[in-house]
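Presented sequentially are two complexes of subunit A, the first with subunit B as partner and the second with subunit C.
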Partner chain A sequence: MSLPSQGRRPWTFYVLSVMFTLFVLFLYGPMFIMFILSFQGPTGGLVFPMRGFSLTWFDALFGQARTGDVGGAFSRSLPLALMVMVLTVLISVTAGFAFRRRFVGSGFLFYTAVASLIVPGLVLSIGILVTARFLGIPARWWFTGLGAHLSWTLPFGLLIMFAILGRLSPSYEEAAYDMGATRWQTVRHVVIPIVFPGMIAVALFGFTLSYDEFPRSWLTVGSLNTLPIEIWTMTTNVTSPALYALGTVTSAISFVAIGLAIGSIAYIQHRRSKRT
Partner chain B sequence: MDGQPSGSGEIRLVDVTKTFGDMDAVKSIDLVIPHGSYCCLVGPSGCGKTTILRMIAGHETPTSGEIHIGEQMVVGLKPVQRGTAMMFQSYALFPHLSVLDNVAFYLKMRDVAKDERRRRAREMLERVQLDHLALRMPAMLSGGQQQRVALARALITNPRVLLLDEPLSALDEFLRLRMRGELKSLQAELGITFVHVTHTQPEAIALADMVVVMDHGRIDQADTARHIFSRPATPYVARFMGGQNVLSGTVTDTSGGVLVITDASGPTYAASASGPMPGAGTAMSFVVRRDRIALTKGATAAPGERNAVNGRVIATEYQGTYVKVTLDVASREAFVANIADDIYFAEPLKVGDEVTARWATADVHILERADTGAAIDPYAEDAA
Partner chain C sequence: MKSNRLLTYLQVTPLFLVLLFFVIVPLALVLIVSFFRYQMLVGLVPDFTFKNYAELLSNPTTWKLYFSTIKFTVIVLAITFVLGFWVAYFLVFHVRNLLIAIGLFLVCTVPFWTSNIIRMISWRPVLGTEGLINTALLESGIVGEPISWLLFSDFAVIVAYVHLFTLFMIVPIFNAMARIDKALLEAAVDAGATRWGVVWNVVLPLSKTGIALGAVFVVTLVMGDFFVVAVMSGGLSGSATSGIFNDLQFLNYPRAAANAVVLLIIVLLIATAIFRLVDVRKELVR
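And then the complex of A and B:
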């Protein structure tokens, strides 16, 4: 379907185009400047001009203890993000199916889950720390940190699953039942394959929201920092382009994760529509 | 694995009621659908026809009552144990499986080896002339092709009853007529029972050995297509199936085997009575087919003349082989005469013309139930 053509473009088209261009520049400009500056020559500083191009600062990132414990922080952030991702998918998908039929307290449960989106992250962080102290549990990135991250990713995951399952016609499951499939066969051979692209979207949200989460991590990860906290600490004491190099590396990892997710969704849809 | 039921595809519903919340979708229905017949359940949306189909299929459980297929009481059994297969309204083809794998799904669920199930699925696809599209995905198929895949997927279960939920509603007019013909010949070829839900009367008449007309969770009439159309039992059936004028009055004379019915607004009608004669003063309704009406120009019906009504033309509609002339006859319902095109165009009418409609006593069919003044337009009802 195409919109009706009304001849020449109105002046508003050009005004909005300029506004949109500015918006995109504002959105991505700083990031690209950081990318460029991370390739600063060995004698270069935190600002332009570029004094040659080198990979010195990437080397410094992984080589010297002076720039902070980037390797250690990464070795915590990545498994944490992966754990959050797996748990978010598992819990959101099963909860999504549970919410397909009304049960007692389903409305209340839904609102309490979604309310954690509204609670400020730092407040939640303090709350979790205080509670953990009270219960005598030490704050650890893989325990209290994990819980804090889930409070952030689960509402997103649940909302995505609602949107996906809302479009899943019950007649698919009925058709499977009609052809003698058991409940489990229906889930395995019909429901999961159909909602799989949605599950990838949930996984992507779970991973990226956890990977760059700062406020909810701040007080809950304990003495060993995750990457966003490490970067934040570095901004106060590292004054070299190594900071930019770190930004470039972490952004690259995020883009790879997003690329993998979108790529696999596109691959599945391509296979569904074009297999001849 | 549960054994494949075989044998008779006769369906018997005994006092079946289905309640959703506090609403009765189906109210104590008794129905027998003979083995090997093509049965159409027809009625406006919300009349309970789909609920009956789904209860036969095993996708809904009756609140009370029994459903038998052949010798078996099937309430509580799974669809495969019942020997039924259902074709869903939007076909419900699995979007992630190829046409071949969709058709082979039933066999896969029963752990039939891959080569074996692919071979049998291909055979079934050949039967619906779709073997050349076996590896396509459902999204790549046209509506008619999707319907055939759905048919093949249902038939591979070797059912004794095939249940079709508005199978033609997603198709355009041309394809609908073609697939209608294919369904009919397929049923004749397989010899199994087909139960087909539709809200389109011509579809029901064209396909069915047995038409079941439903209204508000009850069966108004279950009969052959010919009887449903030409000898409706109730004013509702007559109006819903169309092609009839429904008239009412009270009996004023029963002498000589002729029933004389007088409308309070003037006209008198005559009908040859069959069965016991009703007493004078009984309210009666009857129908006259639209294509059995003769029109003459001018308000010429004499007072007391039987089966003659004066009216004014309010619309004419050309239909190819006939012209539909709608008259205002001072009753609450418009009166329609379908006049053959050659007769009409010999003396055409225009809106506002005074005419007289006449018909033969033999063409009057008395209804079992008098018009209660319920909704004249079945489609105008609260579609729940």
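And then the complex of A and C:
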């Protein structure tokens, strides 16, 4: 009898490997099938077989077809996601630092953030809409929508910052102060470099979660749709591979964001390990 | 030290303001509006009535929808727990190269950052009557005619839930397992534990925070979902939130709010019950 991490691989390793492979297939298989089908020929349908390869459906997406206002949805979803990203990083990093010290109301604030994560999106969506009504403000994607998205991204940002700052010993900052660094210099040259990969992770969560958010957007973006809502309406009335083409385009944007984030974190870690 | 304290409060002010205006006030208003009266054409009429709750709870449809939601929650919780536990166990204890383990972990988490709706839609060409599975089964002669319950059914809803939410189990369980000191496992083996005994008596108890966190995520996501059920069941099944959705279509905000309050209470009760079992804050902040 030995541990799975030592000696000859036990039979369980092979069983679990097969299970893991099947799980990954289950996770990615349908997506890749959709990617392939989005290049369906002009006479092709929603399922296999492929009737030739073409970019027809991508063209239909942005052209004069009955696919709705996809271009407009993009022009709102992307800036919104970028705004949410920047605000999520700024707010969760500063709040993360505050949580390293004890302060009155820290427990309340923490549990409110956790509650915001747990509350069903649709419930919060109703609440924000009603709040806007009471204040006499119309629901707009760049205001009520933005706030609704922040209520979803900030708890994630905060939890990531907790994990990162938990590893940042206060003795580093004390050492910097002892050597005569000002508060700003300490932040600039000691704290930020250590926390930076975590900030990229927070940015990734902020961008992608906002870009794909549906339940919290549904009532809060007002009359102009963001992309997930546009896709939602398309699922009921578009029965051509244009739907898959849209899926391919949005997934491509998500994958670029994920690649940039993970790539830059890996690059920073690599440079660091070379330096020491 | 005084300026330090002021700085602390300044640092949490933005977070506090967002949570105040987009979480605390909205939820308070949902509670208040749930006691309002609804009048055709007028809409909201301030009042203090339990009529919305009475209507809701005396309606058999509500109970049917909640029953269906809880059924989905229990099934999905069981599947995602088993899958998530063994995937995390495989990555932490079986994959020996740390870089490969991290790489495979990322493979599991990448879909989280992509669109849920798109991932749901991507099941259509697989499960549909002319989809991949049915075509394969027909051509190999296993079935005579396409299986119709693969898409637009409870089965499809569960497939989509498992597809979307399993990683909410994997990530916290992986984190909890990665913190387990490998020496403990060695000690257990030295003391004569079987392979199964190590998993049952050492790994499982030490991953319970991760399991609890994952369970809270899965429960709240499934209970609060409306969209997966709507798309994947083709309107055949409902969820607790379908009732809210219907009320909103008729602009009956008070009843939608009452429904939302009931749902919120149930979700928060389940979450607190799970959080009671383990002190999650201690685990998260450490």
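Note that in this section the second predicted complex is superposed on the first by the 264 of 276 C-alpha atoms of A that agree within 3 Å, B and C clash if a C-alpha of one lies under 4 Å from a C-alpha of the other, contacts with A are read in each partner's own complex, and residues count from 1 in each chain.
As a working rule, a contact is a pair of C-beta atoms (placed from the backbone, for glycine too) under 8 Å apart; a residue touches a chain by one contact, two chains touch by 3 or more.
Just so we're clear, the structure is a prediction, and the values are computed from it rather than from any experiment.
Student: Mind checking subunit B and subunit C on superposed subunit A, clash or fit?
Tutor: fit
Student: Report the partner of subunit A that touches more of its residues: subunit B or subunit C.
Tutor: C
Student: A:164 in the overlay: touching subunit B, subunit C, both, or neither? Say first, second, both or neither.
Tutor: neither
Student: Just to be sure I read the superposition right, which of the two partners does A:60 touch: subunit B = first, subunit C = second, or both, or neither?
Tutor: neither
Student: Using the superposed model, determine the angle subunit B, subunit A, subunit C defined by their C-alpha centres, to the nearest 10 degrees.
Tutor: 90
Student: Is A:193 touching anything from subunit B or subunit C once the two structures are fitted on A? First, second, both or neither.
Tutor: First partner only, subunit B.
Student: Answer with first, second, both or neither: which of subunit B and subunit C does A:181 touch in the superposed model?
Tutor: First partner only, subunit B.
Student: Just subunit B (first), just subunit C (second), both, or neither: which does A:85 touch?
Tutor: A:85 contacts neither subunit B nor subunit C.
Student: With the two structures placed on a shared chain A, what shortest C-alpha distance in Å links subunit B and subunit C?
Tutor: Scanning every C-alpha pair, the shortest subunit B to subunit C distance is 11 Å.
Student: Could you pull out which subunit B residues touch subunit A in their complex?
Tutor: 2, 57-59, 78-80, 84-86, 88-90, 92, 94-98, 105-106, 108-110, 135-137, 139-140, 153-154, 157
Student: For subunit A, which residues count as touching subunit B in their complex?
Tutor: 169, 171-172, 174-182, 185, 189-190, 193-194, 196, 272-276
Student: Which residues of subunit A touch subunit C in their complex?
Tutor: 1-5, 9-10, 12-13, 16-17, 19-20, 23-24, 26-31, 33-34, 37, 46-48, 90-92, 94-95, 97-99, 101, 103, 106, 109-110, 112-113, 115-124, 126-128, 130-131, 134, 147-148, 150-151, 154, 158-159, 162-163, 166, 204-205, 208-209, 211-212, 214-215, 219, 228, 231-232, 235, 243-244, 246-247, 250-251, 254-255, 257-258, 262
Student: Over in the complex, which subunit C residues touch subunit A? Could you list them?
Tutor: 4-5, 8-9, 11-12, 14-16, 18-19, 21-27, 29-30, 33, 83, 86-87, 89-91, 93-94, 96, 104, 106-108, 110-111, 113-119, 121-126, 128, 130-132, 135, 163, 166, 182, 185-186, 189, 194-195, 198, 216, 220, 223-227, 231, 241, 244-245, 248, 253, 256-257, 260, 263-264, 267-268, 271, 281, 284-286
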